[in-house]
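A, B, C and D are the chain letters, set down in written order, and residue numbers restart from 1 in every chain.
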Amino acid sequence: MQQILITGFEPFGGETINPSWEAVRILPDTIGGYALRKLRLPVSFTSAIRELEKSVRENSPASIVCIGQAGGRTAVTPERIGINLMDARIPDNDGFSPVEAPIDPNGPDAYFSTLPVTAIVQAMRKAGVPAQASLSAGTYVCNSLLYGTLHFLAQNGLKIPAGFIHVPFLPQQVLAKPQPSLTLEQLQTALTAALETIAAALS
Amino acid sequence: MQQILITGFEPFGGETINPSWEAVRILPDTIGGYALRKLRLPVSFTSAIRELEKSVRENSPASIVCIGQAGGRTAVTPERIGINLMDARIPDNDGFSPVEAPIDPNGPDAYFSTLPVTAIVQAMRKAGVPAQASLSAGTYVCNSLLYGTLHFLAQNGLKIPAGFIHVPFLPQQVLAKPQPSLTLEQLQTALTAALETIAAALS
Amino acid sequence: MQQILITGFEPFGGETINPSWEAVRILPDTIGGYALRKLRLPVSFTSAIRELEKSVRENSPASIVCIGQAGGRTAVTPERIGINLMDARIPDNDGFSPVEAPIDPNGPDAYFSTLPVTAIVQAMRKAGVPAQASLSAGTYVCNSLLYGTLHFLAQNGLKIPAGFIHVPFLPQQVLAKPQPSLTLEQLQTALTAALETIAAALS
Amino acid sequence: MQQILITGFEPFGGETINPSWEAVRILPDTIGGYALRKLRLPVSFTSAIRELEKSVRENSPASIVCIGQAGGRTAVTPERIGINLMDARIPDNDGFSPVEAPIDPNGPDAYFSTLPVTAIVQAMRKAGVPAQASLSAGTYVCNSLLYGTLHFLAQNGLKIPAGFIHVPFLPQQVLAKPQPSLTLEQLQTALTAALETIAAALS
């Protein structure tokens, strides 16, 4: 059975959980005829992409879907584009804090996600979960992983649909803060709808 | 068995559902040893309070908890105070649109909720649902119902704990809008925690 | 010449300026036939109201207008009501941090501002400055000063129009933060329009 | 004297003014040794870029700075990147409403602004105006103009620094709305600081 690689991140920024990994690890083992290979990545500009590349080389997935936390957003937000820029407000979990630096000085300025973003948004909404396409994955590790993945695939001539989906805070992260959240069940529903859409487009 | 009166509102403002009534109608029949009397109120400055007063006279509830929608909020928000002011941005469902008018020209400026607001907020958070005390119920029908209820009880010398809890949009109301929401299950959990807290304080 | 008492606050919460005092101190000496008595108050639950009462006793002003900072707001916001509640997220400048305590255990729940709030909002907008009536002055020193002032006047049978106006951050407070602000010139224009409206209503 | 081309837009979306053009037209005739050529562009996916290209061909400016309105932002926001995507929530002033379409099917996914974005942000803040670099110019006419300009320059081998700066609403657009704004004087100060920075970098 062919695989879809789906990644989440470890916690960062003082949080004890990361909704991206919480949501990924409870997904079923197969969706739409594809086995899900789940990978928990470090919040590290350098290691996250290296571990993803290793998994892609070893497992030749049919598609790659990276998940990350975007605190403050109200909806699940598939990203449209990754840009060739690192700019960290807080150090990553390795203590690395790049300021306005390119990810690859020789890379193009940006890559569009090669996932069917609009179809994914519509499938999530149809499943009852607020969803919006996003035009910026920021300049932290999430964006670097998105750009890095698409750059790696382009440089190696690999035609694997790949992209990134940001998820909001979980309720337990904002019990006493005026910040929006979605439940773990909502994230699971949304990611399942996304993966079914991706699987259907692969076939 | 003694009753707790809990009210929700019909839809308004172009919405086809009102999360307040959706949440109230799925609550169990009894909580903490009290029967829940559920009442669906019209979004009407004049009729909502009249129907509530009628129910209180007929059923002598041990406590009164009114629920309403506050679109745009991220959490369940028990209100601290109702004020003697009507000011409608949009007409109520009777077409009534008061501008900066007192609810009762002879009433006091405001009444504090007599529910245990802080204990309710803590119980909701303990149950896993984002919650905050709110300092304003606005100047629309929700506030009029809160003020009207407390004013009615004061004028009739009734020592019945009473108050108001605002709930956010449901996900289906904001599927394609950048607005926060909580699920129906979260509202049910939060209101159950609130009612258990109220019941415990009554005993 | 009769006086209007207008107060601003000293800085707090880590800020080095307080836009309320910056705006008050540059107002002219007279507006609409009234001398402005300007008073800079400490951010203290106990001292702010004491200093205001002292000034009222000594100077018998025709009206009282207190100004305070409401960081995060986009407009100048005259407050409609002060409530009998102190609840401090951060200690005041005396280190006092009341939690959910009444200002006066024997006082009424709230007092409406006795300034012409709606006319003030309209005058500010006509002068070109974004303005909105606000339904909550919070539960910090600003609200305590508003409630305390109206309570003091009520208890002493003084028919002096009094109220509170919140102002947003100044630009220099948010140069690198995604927070709204208004310029000092805008605050000056708005407060001048407010004072002219108040003066006209007194005559 | 060499020129800097600076453009603003006509009103759109029901507004009667566009702060971008209001700010551009009051700039002085020269800044930092460069003559400012001011151009008012239509809010049109097809015509805006055509008029800009015509002006560039005729006048060979040393730099190109396009200004547009981003309602809801709190600061002046130089854009980092333009992307090869048109997606209109509302029709442009020609009635054209592209949905998820490339600007140029053969163009790269995106171009970074070639203006000194970070230096511009710092200069604006130093001049006292809130400023932030932005990671998305949206998918409406502003982004199309930014992408189109950089694409035109790249295709023609023109090494002209070019980019886009979004400005918030003016106060008169939000007198009665809870939306942030900056004054025309603040926009003028910010754009002057930007142009001085650009001029200094050119020399």
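Criterion: a residue touches a chain if its C-beta (ideal position, glycine included) is under 8 Å from a C-beta of that chain, and two chains touch if they have at least 3 such contacts.
Values in this document were obtained by computation on a predicted structure and should not be read as measured data.
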What is the graph distance from chain A to chain C, where chains are linked when they touch?
-> 2
Intercentroid distance (Cα basis), chain D paired with chain C, Å | 39
Return the distance between the CA-based centres of chain B and chain D, expressed in whole Å.
-> 47
Using mean CA coordinates as chain centres, what's the chain B-chain C distance in Å?
-> 31
Among the residues of chain D, which ones contact at least 2 other chains?
-> none
Linking chains that touch, what shape results: line, ring, star, complete or other?
-> ring
Residue ranges of chain D in contact with chain A within the complex = 80-81, 83-85, 100, 108-112, 118, 135-136, 138-139
Contact footprint of chain A on chain B as seen in their complex | 74-75, 125, 128-132, 171-172, 174-181, 183, 185-186
